[in-house]
Amino acid sequence: MRRGLFVGRFQPPHLGHKELIEYILTQVDEVVIVIAAAQVSHNIKNPLTGGQRLELMRIMLSNSNIESSKYWLIQIPDIFDNGLWVSHLKRFIPKVDVAFGNNPFTTMLFQDAGLETKNTPLIKRDLFESRQIREKIRNGDNVEDLLDRDVNKLLKEWKIAERLKAVSSSDSAKFGDANSNFR
Amino acid sequence: MRRGLFVGRFQPPHLGHKELIEYILTQVDEVVIVIAAAQVSHNIKNPLTGGQRLELMRIMLSNSNIESSKYWLIQIPDIFDNGLWVSHLKRFIPKVDVAFGNNPFTTMLFQDAGLETKNTPLIKRDLFESRQIREKIRNGDNVEDLLDRDVNKLLKEWKIAERLKAVSSSDSAKFGDANSNFR
Amino acid sequence: MRRGLFVGRFQPPHLGHKELIEYILTQVDEVVIVIAAAQVSHNIKNPLTGGQRLELMRIMLSNSNIESSKYWLIQIPDIFDNGLWVSHLKRFIPKVDVAFGNNPFTTMLFQDAGLETKNTPLIKRDLFESRQIREKIRNGDNVEDLLDRDVNKLLKEWKIAERLKAVSSSDSAKFGDANSNFR
Amino acid sequence: MRRGLFVGRFQPPHLGHKELIEYILTQVDEVVIVIAAAQVSHNIKNPLTGGQRLELMRIMLSNSNIESSKYWLIQIPDIFDNGLWVSHLKRFIPKVDVAFGNNPFTTMLFQDAGLETKNTPLIKRDLFESRQIREKIRNGDNVEDLLDRDVNKLLKEWKIAERLKAVSSSDSAKFGDANSNFR
Amino acid sequence: MRRGLFVGRFQPPHLGHKELIEYILTQVDEVVIVIAAAQVSHNIKNPLTGGQRLELMRIMLSNSNIESSKYWLIQIPDIFDNGLWVSHLKRFIPKVDVAFGNNPFTTMLFQDAGLETKNTPLIKRDLFESRQIREKIRNGDNVEDLLDRDVNKLLKEWKIAERLKAVSSSDSAKFGDANSNFR
Amino acid sequence: MRRGLFVGRFQPPHLGHKELIEYILTQVDEVVIVIAAAQVSHNIKNPLTGGQRLELMRIMLSNSNIESSKYWLIQIPDIFDNGLWVSHLKRFIPKVDVAFGNNPFTTMLFQDAGLETKNTPLIKRDLFESRQIREKIRNGDNVEDLLDRDVNKLLKEWKIAERLKAVSSSDSAKFGDANSNFR
């Protein structure tokens, strides 16, 4: 039995993620899906809370034909410390055999920690670019081909377009920037 | 559809927890099981990592007859701040309707946050006391009636009895306490 | 113009504090009252939030004859680091000339930081002992001679006796300590 | 009795803030003025410590005709966590009924937390822009129309123009950036 | 070339530590001496700052016949997280081959991280017990046989006996414990 | 006996640093070399861990003619808090008389803390610019005139050019930025 690791921020989970998970399950028996930076939310790159991303991912996977015993859905908080990040991650997950992904940085971190890594095919990369998807959601553009139907419904119910608009405004100083983002 | 919340440290998950989860599922449609203090491990009250507790809970529940769509298994890190704890928790979970448990402290925190709370029956409380179960494991006593068979097997494979012995020793000053626990 | 510093946790503010502040104002022109460990609450030594202690102190002082221009009411969060504590404190307060108090530990910290310190008279010390006052509140004993009338009223309105009971219970393991305090 | 909340970084407090506070006091009975990011200082957006901002705000308000019983001056430290920020804030303040401000981001955070929000009129917004005021102070430009007279005096006494120059330089790598800002 | 690791809090460094370091250097070519919990000070188990412990250790070793090229003196801050502690430690030190010490807890942590461990002989263990040495210093007892001569001189110059007395008092509630240690 | 302080991130230590240390030792008897932001690594401005920088600095200084008793090599972690930074630093170092450096920001922080400061000559500033040296290492350019021979050898052995390439990539969103840097 071999387990693969798949780490992402999933802001939001989209159909590209689903395809990747299906691909990974052709390579290994189980996939550990890690929702990274779980405590980070309400900013422009991370509008959704960890709990919201978990719920969206769960509904997208349950709408797919992937058996629930084949995947693990795990949130991990960010510790804002690159040098400890892999050790930190390992405490939240079951033992894995290989980490999937194409980012040279995380690949290096995993390899330094002695973990096997594997690239994944880039599935319609132009289409499934999270930053663009967030912008489309904010602008009210059609994202039906990019997101699971129920994911889309929940994003609307939770008024995520409105949240994206609000967080986009946080840097623009208003009156005496007294009320701007407090950093 | 109503969702219940069930929070514990699960050091380790035992059959009393399983019975409680079964009871909760007679009261609500889904249960959100939260593994609290997920980043805390390797001390006398918390020998297991969050990932290990997750794995043990998953195997115990998969050995039961509870449908996987009925429960959520979620780790949350401790923030060591009682006054923020419920707000922190809420970011990691889907919306819940009622929190189950008998501890007056957490009941108060949930009620202050406007969440409905419900007591649970105390199932063989003398038997299923986590502190005693940890002591039994450390001493190599028989815990077969208290733990799921596969949970027991994994605790042995992971040498948790040895870890419990080691963490028990950390306060006893050795040579000039130079090598004692570094707090 | 000379300013004195008076630091306390004020769990809760009581009439002994009021007398001390009045005494300090016979020694200096202004007193900077610091509510320490402001973010710490909901535990047995610290039931009240910083905001609640501020509100209680403000009402007690406004019920006294002390002019509001004579005192500063300032919350500071704890940083759990004795070696940095005075430097941390200084960032939240105006310049002070002397720190009042009888605790050898804080006196040492202030002196190490080059701040003048002064002992205060021990006003009815047996009576005004915060730990005992908290116990009396929890037990519903009469504390009318110890607390300002409006302080007492607010503690009742906020159900602090109940909170003290709940936090007292947090160590007592309930069912499998699954629901005990998550530390 | 109704209480309004007014949150700002107040780097530095200026006459626009004073006018806003006066406006808010036409809408509610008391205003809770929160000095946010109180522990953040010595950087380009936040030159002043929390204690300095408190002192400046207190002197500006005492120079106005606003009664001291009508306002609360409270520092809160930043926790660098948008999703917990409102819960964190609430621990430091008395109960408030409505939050004033025009920033869509904080408005959203307050509304998500169930707090009523109200926009404020933009008083001479071009004039009272904190970033510009900081730049004017740094350059030694005339800010007499923008700042309270005593605020201005204290900023000079504390050599804030010099501090602003120094923090502006922290990114410019000097010799081998060995001595640059240590982030 | 083989390097050994020797970790301690060194509150304070004593002649037992010196003997241990000499012993380790009969086993390996270089020893990496780690001053743990470097940021922790001013409490009863940890009176000295990291910098003070470093200075004392350096003077004790320079008074010995150990060549300075044979040892490394490194402070590491505590992160209060047992599960990450070894990974954290490794970032501050050069590569080591074996960790020396007799504490079962740290031995377990090192072994879990794949590091070889070795017990050390217990040199006059009854004599060189740090807690007792701290008590003797506090009480003004003779510690000349336990400490390097220059270490002893610096502890007096720094008034560590007085500091130990002051930190011992921090739990004893004074007036309404308003001035006790602010935890 | 006078001690000087020299603080840097040393990413990496280069021959300009060596010359500066030699210069400082013409002004004072001992130099305390502080490796700042010791826990920060694996990012584009800070590729090396604190332990690696310590090792490189030690080898460079041992290759020079500077006596080891003349310098102290000390790592300090960053606390990301400008207002506390000098107080934090002081806990890790022996008493110093003067801080060397040309950065107006740190000069201000040291002066505010009452420490004497001194500018250093800018030794071949165009040559010894750390950012450029990191870029040269990443590109495989010749840095033999800039780095100690053994420093250069270790950087190659540790594959720092590869690490610099990997951390440079962390912002470039890959597939749905699922695997990008998790901030």
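Brief remarks follow.
We just call them A, B, C, D, E and F in the order they show up, numbering each chain from 1.
Here is the rule we use: contacts are C-beta pairs under 8 Å (C-beta built on N, C-alpha and C of every residue); 3 or more make two chains touch, one makes a residue touch a chain.
Everything numeric in this text was worked out from a predicted model, so none of it was measured.
Common neighbours of subunit A and subunit F (chains touching each): D, E. Of all residue numbers seen at the subunit C-subunit F contact, over half occur in both copies; the interface is built from largely matching residues.
To overlay subunit B on subunit F by their CA atoms, one rotates by 180 degrees, a value rounded to a multiple of 5. The distance from the centre of subunit B to the centre of subunit C, each centre being the mean of the chain's C-alpha atoms, comes to 35 Å.
Subunit B has its Cα centroid 26 Å from the Cα centroid of subunit A.
Note: centroid distance subunit B to subunit D, computed from Cα atoms, is 43 Å.
Residues of subunit B found to touch two or more other chains are 39-41, 49, 83, 88, 91.
The list of touching chain pairs reads A-B, A-D, A-E, A-F, B-C, B-D, B-E, C-D, C-E, C-F, D-F, E-F. Against subunit D, in their complex, subunit A makes its touches with residues 39-43, 49, 162-163, 165-167, 169-170, 173-183.
By the touch rule above, subunit E contacts subunit B in their complex via residues 6-10, 14, 16-17, 20, 36-37, 40, 78, 80-83, 85, 101-109, 120, 122-123, 125, 128-131, 133. By the touch criterion stated above, subunit B contacts subunit D in their complex at residues 83-84, 87-88, 91. Across the interface of their complex, subunit B is touched by residues 38-39, 41, 49-51, 54-55, 58, 62, 68-69, 72, 74-77, 88, 90-94 of subunit A.
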